[in-house]
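All chains are identified by letter, namely A, B and C, in their written order; residue positions are counted from 1 within each chain.
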Amino acid sequence: MTQLVLQSAVSGLLVGGMYGLVALGLALAFGVLKVLNVAHGELVMLGGYAAFLIFTERGIDPLLSMPLVFVVLAFIGVVLYQLLFRFVVRFDIEKRIKNSLLISFGLVLILQAIAVLLFTGDDRSIVTGYSSAAWVVGMVRIPWVRLSGLVVAVIAAVALEWLLTRTTFGHAVRGTAEDWSLASLAGVDVRRVYMIAFAISAGLAGLAGSMVSLGYSVNPTIGLGWTLKALVVIVLAGLGSMRGIVLAGMLLGLIEGLASVWVGGPYRGVVALVVFLVVLSFRPQGLFGRGGAYV
Amino acid sequence: MTRHKLWVLLAVIALIIAACGGNEDTSDTTGAATSTTEGVTETTEGATATTGAPMEAPEAVYFGAVVPQTGAFAGGGAQVVRGYTYAVDAINEAGGVYVEEFDATLPIELILRDDESDPNKTTSVMEELAGENIAVYLGGFGSPVHAAGTAVAEKNQIPYLGVATALQALHEQGYQYYFSPFPKSPDIAVSVYEMLNGLLPEGERPLRVGIFQETTDWGEELGALWVEEAANHGYEVVLHEKYAPGSEDFTDIILAAQAADVEALFSLPTPPDGFNIYKQMGELGWKPPFSLVVRAADVPTWNDLGDAGDGAMLSAGWHWALGFEGIDAINERHIAEEGRPADPIVGGSYALVQIVVDAIGRAGTLDHQALRDAIAATDMDTVVGPITFREDGTAPIENPLMQRQAGSVVLVWPVVEGEGAGDILYPAN
Amino acid sequence: MSRWVSTMVWLLVLVAFAALGSITDDERLMTLAIQTFIFAALASSWNVLGGFAGQVSLGHAAFFGLGALITRELWLGEMALPLAIVIALAVTAAVAAAVGLPMLRFRGIYFSVGTLALGVAVWITAGNVWPGISSLPADALREYEFTGPYYVALGVVAVVVAVSMWLKRSKLGLGMMAVREDEEAASATGVSALAYKMIAFVISAVLAALAGAAFAFFSVSYYPQFPFSVVWTFEAITIVFVGGVGTIVGPLVGSVFFVVGRDMLSSTFPEIQVLTFGVLFIVVVLLLPGGFVEAGQRLFKLVSRGGADQKAKTGIRPGEREGKEKT
């Protein structure tokens, strides 16, 4: 029984790392552009297919092809920004959120349909030589594939943090997020900042997609599920907090894992969501955030 | 206020335009052969119009097929489409089907629609098809879509034939228009135990059974039957875990199975859960000596798993090595187009077309009621073997079991000689 | 006076649709109409909370599903439909009151994600507890006619629209809109923001349940989990915004666009209908950010003679000008 609990906890933490990775990109888009992109999961899906194709066509391991996938998705992000989201950022925050919600909803339909046309509706997955390999630590097995998801998440979060706090671009981003009119007055090219931030957000989705392809499987409809998880993680971490995202994701995963053991598999999702709501009522600003749910 | 009035009027106009658009489709039904737009309470007149002068023939005999071509069941759906297409092409190449009431030989036209593996789309698409002068409905892949679709067929009183569903409960609703010559849950449950007892000597059998049951209607049905039949055949169910389809993480149930020392694992996972379960079994370092994953290993993409996927047992209703008449022709085309012999679901769907064409021949008409009666009276040989129907729409049919071995699907039960059949790979771990 | 005109117009439209239900035999038209009514009712119900009171709930489908579930279970269990619906509404009201209180303490995106979490949790639970398909019994299927569901759905959307209209003109509605515009200011003037939000929440939920009841009565077979799906919420919100959020006519026009539009696309472009609809949809959102209703209003201003506004400022009475628009 203890083995079951420990292993479930560990598996949950590892899955949670994935949740955090998916949520990072969405948090960046929402934090900076104040744009709610519910098609974020579809970008993850595209990243997954990109990694899958690179793997099957060129034989390049997904862990190695990640930079390429990042670039491809970032490019897609730029295209989407120029075509669509550029027009949304004209509005005030309320309207922005609502319009971006609508536009990204249309985008969900479009990207899913395109994926079906290009890749068929079948489930695809990347299976490598190390897909079954695991570190054995006492009673617990830590599969390499899952661990890599968490590692990538942590690295991405740290890199993002560094970018935002230690570079001039990062300062421009934070300034823009804070108050874009002031930033603009201070000489920041707000449109360029938005575009690059969105591109990075899409690139991060691509990285998450690579890991999804490696650790799970990808098909055109997986997007919405991951988007939902990402939204919960972002709010749990607290809006405005980048650092806490991966941790919040891991916490969510942990709760799900333990819920499986004590409440039973079919309700693991329900338990996690209920716990999320309870946490939110007691700590409305999220676990690590500033500002509040009541504001 | 007048603005608002204009908006609502515009909306009404739009609806009327849609109505006109809709009416165009239904206004070219020919003769009295099929009346699909009238009130469904009336059964069509003239059950067999074999007397008198032949009526004006339609351009073709239309089969309305609603199949998942995208979504969770897309992989299986592709096989269904292939089966229908091969059969229809074969019949058309031989000239078509003779319909006595028109005294004409007509080609068959397959109207194919995608329901996206979503039972709710299935119902709406089937309703659309009802207006297209179809003779029969041909079903898709997966119990949920069939469960939804058969109700619509019953409402519209159009015969519905489907394979790739084992849901027995559908045959206990009193439906008159649903025919499914495919192994059902009771057949599957019994066959796996009989196979294990038939192929393996007494001391070697995997007597400790574990069940991964998904929380769906079919999951519950087959899960309960596996438990029931275990006792009848000398097996013990040591684990019965439930999970919701679409879960990402199966750690807890896999570990529980390992802890219970499960030797025979039974599951019927909605794709891609089966795939994920196998992947995670690999990560957790556990694989039982015997594992039946109904629905999961049916599709070619199972090969993405490589060696880890070997040994997985399938219960897909048919295998080409059974050697019935007509299979060679199917294989010829399948190998040419897909690079391998016929996939498991291709045979069953091919047979459906054979059955309908045979029924049209006996009924002599495309009238739905007459066709239904003719189908019910079927007694013929098809590519899945000899078929007759019971009152509830099922057919006495053996459930073959296959296994994934080195990338292909091998028939292990019943034991037959020849290519495509082989010994069971046991233990699989 | 204009209120009477508008009421007459609405009644006329209602009678027209009612007549349509008796005249036509076209099953496809009736199916489209019923689907439009159900979406219109669902979208209008969301509009009460989201449009009038300004609280964007992403868990709305939970009440739609609840209404459908209770109605279906009771009605298939031999209870008379009206009684089943009344019970469904009562239960939904109770649940909404219980759930609304903790939920409405959250604001903005927290409220949205919170209701989303709740909605998904309910969806999962519904699927686990009721996994089997809900189909009408075989003989009922063979005797199925669209007339009954048509009138029920028409009645439902009429009720929902009537309630919305009454609400919008009432003090209650005014209070909700005040809260929507500026919650702090409203509280400062003594308006209990929470009370108004709660009332909007419960009314919105009950109306959604009513739409669910219509769905349950109309549908031949479906999985009980289906009406709880978050997709219904998204589609309802889409319809409201595309039509015109906060207006009465907006959700109605939006639902016609949505249902009829998708249907026409699926006949014209069967392979790529989803893709085309997505593109069309984005185009509409980008070009008409205020929805169809606002676009229509702008169009009228353009079409009516250029000097009309100017003349209005110089004090000519409205009645004196023929065909002049009145608000």
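We adopt the following convention: a residue touches a chain if its C-beta (ideal position, glycine included) is under 8 Å from a C-beta of that chain, and two chains touch if they have at least 3 such contacts.
Please read these numbers as outputs of a predicted model, since none were measured by experiment.
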item	value
Least step count from chain B to chain C, where 1 means the two chains touch	1
Chain pair whose interface holds the most contacting C-beta pairs	B-C
Chain A-chain B separation of Cα centroids, rounded to whole Å	37
Gap in Å, rounded to a whole number, between the CA centres of chain C and chain A	32
Two or more partner chains touched - positions in chain B	215, 244
Multi-chain contact sites of chain A, meaning residues that touch two or more partners	266-267, 269
In chain C, residues with contacts to at least two other chains	124, 128
Residues of chain B that touch chain A when the two form their complex	68-72, 74-75, 77-78, 117, 215, 241-244, 246-253, 255-256, 259, 271-272, 275-276, 279, 282-285, 299, 301, 304-306, 308
Complex contacts: residues of chain A adjacent to chain C	36, 84, 87, 91, 95, 97-99, 101-103, 105-110, 112-114, 117, 224, 228, 231-232, 234-235, 239, 266-267, 269-270, 273-274, 276-277, 280-281, 284, 293-295
Sites on chain B touched by chain C in the complex	1-12, 14-15, 18-19, 21-23, 25-26, 37-41, 113, 119-120, 123-124, 127-128, 130-131, 144, 147-148, 150-152, 154-155, 157, 169, 173-176, 215-217, 219-220, 244
Interface residues, chain C side, partner chain A - complex	56, 102, 105-111, 113-114, 116-118, 120-121, 124-125, 128, 230, 234, 237-238, 241-242, 245, 272, 274-275, 277-279, 281-282, 285-286, 289
Touch list for chain C against partner chain B, complex	2-3, 5-6, 9-10, 13, 16-17, 24-29, 31-33, 36, 124, 127-128, 131-133, 135-139, 141-145, 219-223, 226, 248-249, 252-253, 256, 260, 263-264, 266-267, 270, 292-293, 296-297, 300, 325-326
